[in-house]
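Look for chain A in each of the two complexes below; its partner is chain B in the first and chain C in the second.
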Partner chain A sequence: MVGGAKTMSVTRRSVVAGGLALPFAARAAGSPRVVVIGGGFGGASAARALGRYAPGVDVTLVEANATFTACPFSNHVIAGLRDIAAQRFGYKSVGTKVVHAEATGVDATARRVTLNNGTVLAYDRLILSPGIDIAWDKLPGYDEAASERMPHAWKAGAQTLLLRKQLAAMKDGGTVVMSVPANPYRCPPGPYERASLIAWYLKTHKPRSKLLVLDAKDAFSKQKLFQAGWAKLYPGILKWVSASDGGTVTRVDPATLTFATDFGSHKADVANVIPPQKAGRIAAVAGVADKTGWCPIDPVTFESRLVPGVHVIGDAAIAGAMPKSAFAANAQAKVCALAIARLLEGGTPDDPRLINTCYSLLAPHYGISVAGIYRPAKGLLTDIPDAGGTSPLDAPDSFRAQEAANADAWFRTITHEAFG
Partner chain B sequence: MVRVLLNVPRQVRRNEPFDVKLLISHPMESGQRRDAVGLAIPRDIINLLVVTYGNEEVLRMDLFPAIAANPFLAFSMTAVASGTLSITFTDDHGVTQSETATVEVV
Partner chain C sequence: MIGRAALAMVLLGAAAPPPGATSCSGCHVLAGRPAANTVAALEAFRSGAKPATVMGRIAKGFSPEETQAIATWWAGQKP
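Up next is the complex of A and B:
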């Protein structure tokens, strides 16, 4: 697990040890304060990394929920391969102050965050790691009520269990329809892993059923590996319809579980809508989201291009070539924490290298991966050519099984990194 | 022959606008790109698209290299009588292809 920073050594400014008490209390002058909003992979990793790289800094993690439910491996839960309890993590080991409240306001001029419990937190640097929100206004027919009939399951938790329950209740011979949005969205290969594992579930438990995947794109992450796997594992079960084949969904009807495209409509027995997304709500409140709904950042420090002193990491950020993934959020968190440690002591952040690896499961013991290495160039994070790569297209079953085992190991490592 | 998806309402009301949607699976190779060894990839685009209804031309469109692969085209029109909508397009090799749909005015 490499976060990508070239060096971990920081010359630490000596700070006053007092004043690190309650959020309401005035702090001692001179102790820099960092507030982290959002306790997912990005935010929790950032809080822990600040503890390591900047131990004199007063760090507060703000997270509404007492328990985090991880998205990676949640497709396994949908397919009945994993208990959702294995996805849940607490904040006892984060090692910084954790305030379980919702951030409702950011005053970037006064450098203060307001929480829904009335607390006001002052900061010298603010890290936002708000993840995604569903862009409810982007897909006609799809709103919060519709998501109870046509779950998105793109934020792990109740939605994950709802989709699993619907699949379990479906009769053999039914049709599952899934829609996939245009880029960008959380976890680029995620829809295709989900399609694979739903197809595995159908093949194993309801073999007369079908899965139709309606896509707003013609190309996707690890496409050749997925399609080779589908041809081998799920012929006659899983059908993928590309955008140029009329796959772009333009409207959904939750009453009839119907997906409409410009060229036809498809009725489902179980409907999974992976909807268009945007940065989590606090990003817009803080003014760091642009008209795309996502947050432009400096690729060295992850500081917002729009609001000074506010850094954005993880899915919410526009990270150039870097995908929206838990691995990327963790890497960005460490780079951002180290950059903030440098900035708070008056130094200059290093030119970082960041790594991302995404594992996808096509079936139990059948894993594939893609890895990329990224560096800042021309104001964006860009892919370093030939530094990463994907799993070989031709590989024995033992290789796919090894990658599936690697994925398990990765999950244990990344969750330990983020949540202790 | 390239794959074409055409969506025209089967029944429309007289003089009431309706939408025609068309998705053509075509690479629309711009002629500006080079291959792995540096040779120019020849231009290959659909350069002309003509729509007729009955015997009347209702739309003529010149297409240029800036148009992306797999063009999606949509337009509105009206009809006063039932007839056949015909879409004909021509590529850089001079190959012409047509798609038709019948429209009933009710």
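Up next is the complex of A and C:
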């Protein structure tokens, strides 16, 4: 099997070499092969970018699920502001081959991926965009069974609906407790948007209720903007507890919905644990995750620092100053796709520029943003100085409403680009 | 292994996007938009002449030359 695949690979390359003068259609059989594992914002965008910018590349997208459920705007689902159907996207319009199976093995020497349906896919370049997995061993008391009582809802889908259902069933006057992990994790401002929209739900539907946010950090993304908004919109409802003030959760008890900290314990009527995370499982299988659980990459090509020929994009990657966001995954996907096309040509990829913009909603029609522009420097993606930054602290309601509308428009555009 | 360089395949062609250009389409549909329009908008965002939410902050991350290259490339893309 190994020998056979190698022989075939050499033959295929010979065909390419012999077909130099032919247009691409005539030597399709010798097209370089890129396999993309993971059909989220990163993987789907990468597959589509290769299809668009390098149609001579033979692309296969591997994704276990037939439908993707997007995390951005899933906090709206939790607050009852949005139907989860608006979060779901299929793969029929991706425009490349799509295989619905789980990747179970990567042989980076033979350049082959094994799927759980027995298929073996040969590649010249592999892109991993596996997103996150929950690090179940990091928070005592929190395991997969516990997440049915204390949902994380940090992968959108059934968990999102479970948290929504629990909030809807809670009596007025109840206490919601959220825990937020230390960095790094998917979507740095996400916990605070969620806190805002849960507070909006409580204020609107269950005004005698409270929300306690227990944080393992003292500082967070867009903090001043969030705290100014909370003081204005949710006084007496939302309380944030920093690590210094005893916010770090050291253990949870799913039987009693209790969060333990070094300073005491907090019992919840509805408990949302945003747990510590790591790169999705296939990253460790492929050997591209380091001891942190995340994946070091070259900032020009997104090629793994640990395994040649394997590129990692999106939440799983250690992308320097770039946050783990859908916008970043999409931007990285396009840069990675172009770099791979350049490498397959035998060329040298240009130094890229990347943009990230993250919107957060504090209430319907109240949006804030942070933006960054990034370039490689000293082996990392680094902020370009004197650009980017957050929304102004003193802005009129119309500005917040405009940013909320921009967030809506962004979601429509980016999902269209990623999923067609 | 036959050396990849020896293959001299053309996958991207002459119209490879300049640095930063592909990030735009996360939010905007710019393909086929006249370059002068895009440049004028970005310059106005950068200077503050045109009111902005986030684009003022983003435009500051690109020089006039980079802005021109991005706008020209998008103008040449098929809508």
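Convention: the second predicted complex is superposed on the first by the 390 of 420 C-alpha atoms of A that agree within 3 Å, B and C clash if a C-alpha of one lies under 4 Å from a C-alpha of the other, contacts with A are read in each partner's own complex, and residues count from 1 in each chain.
Heads up, the rule we're going with is that a contact is a pair of C-beta atoms (placed from the backbone, for glycine too) under 8 Å apart; a residue touches a chain by one contact, two chains touch by 3 or more.
Worth saying up front: this structure is predicted, and the values here are computed from it rather than measured.
Novice: For the combined arrangement obtained by superposing on chain A, do chain B and chain C clash, or do they fit?
Specialist: Fit.
Novice: Who touches more of chain A, chain B or chain C?
Specialist: C
Novice: Between chain B and chain C, whom does A:399 touch in the aligned arrangement: first, second, both, or neither?
Specialist: The second partner, chain C, only.
Novice: Going by the contact rule set out at the top, does A:263 touch chain B (first), chain C (second), both, or neither?
Specialist: First partner only.
Novice: Is A:350 in contact with chain B, with chain C, with both, or with neither (first, second, both, neither)?
Specialist: Second partner only.
Novice: Mind checking the angle chain B, chain A, chain C on Cα centres after superposing, to the nearest 10 degrees?
Specialist: 120
Novice: Taking the superposition as given, does A:342 touch the first partner, chain B, the second, chain C, both, or neither?
Specialist: Second partner only.
Novice: Just to be sure I read the superposition right, which of the two partners does A:118 touch: chain B = first, chain C = second, or both, or neither?
Specialist: neither
Novice: Which of the two partners, first being chain B and second being chain C, lies in contact with A:243: first, second, both, or neither?
Specialist: The first partner, chain B, only.
Novice: Check the superposed model and tell me the shortest C-alpha distance between chain B and chain C, rounded to whole Å.
Specialist: Superposed model gives a least chain B-chain C C-alpha distance of 22 Å.
Novice: Which stretch or stretches of chain C touch chain A in the complex?
Specialist: Contacts found on chain C: 1-12, 16-20, 22-29, 53-54, 57-62, 66.
Novice: Tell me, which parts of chain B touch chain A in their complex?
Specialist: 3, 5-7, 21, 23, 25, 69-70, 72, 74
Novice: Give every residue of chain A touching chain B within the complex, in rising order.
Specialist: Listed in rising order, the residues are 218, 243-246, 262-264.
Novice: Quick one: which bits of chain A touch chain C in the complex? Just the residue numbers, please.
Specialist: Listed in rising order, the residues of chain A that touch chain C are 10, 13-14, 16-17, 20, 32, 49, 53-54, 56-57, 327, 330-331, 334-335, 338, 341-346, 350-355, 357, 369, 371, 373, 375, 384, 386-389, 391, 399, 402-403, 406, 409-410, 413-414, 417.
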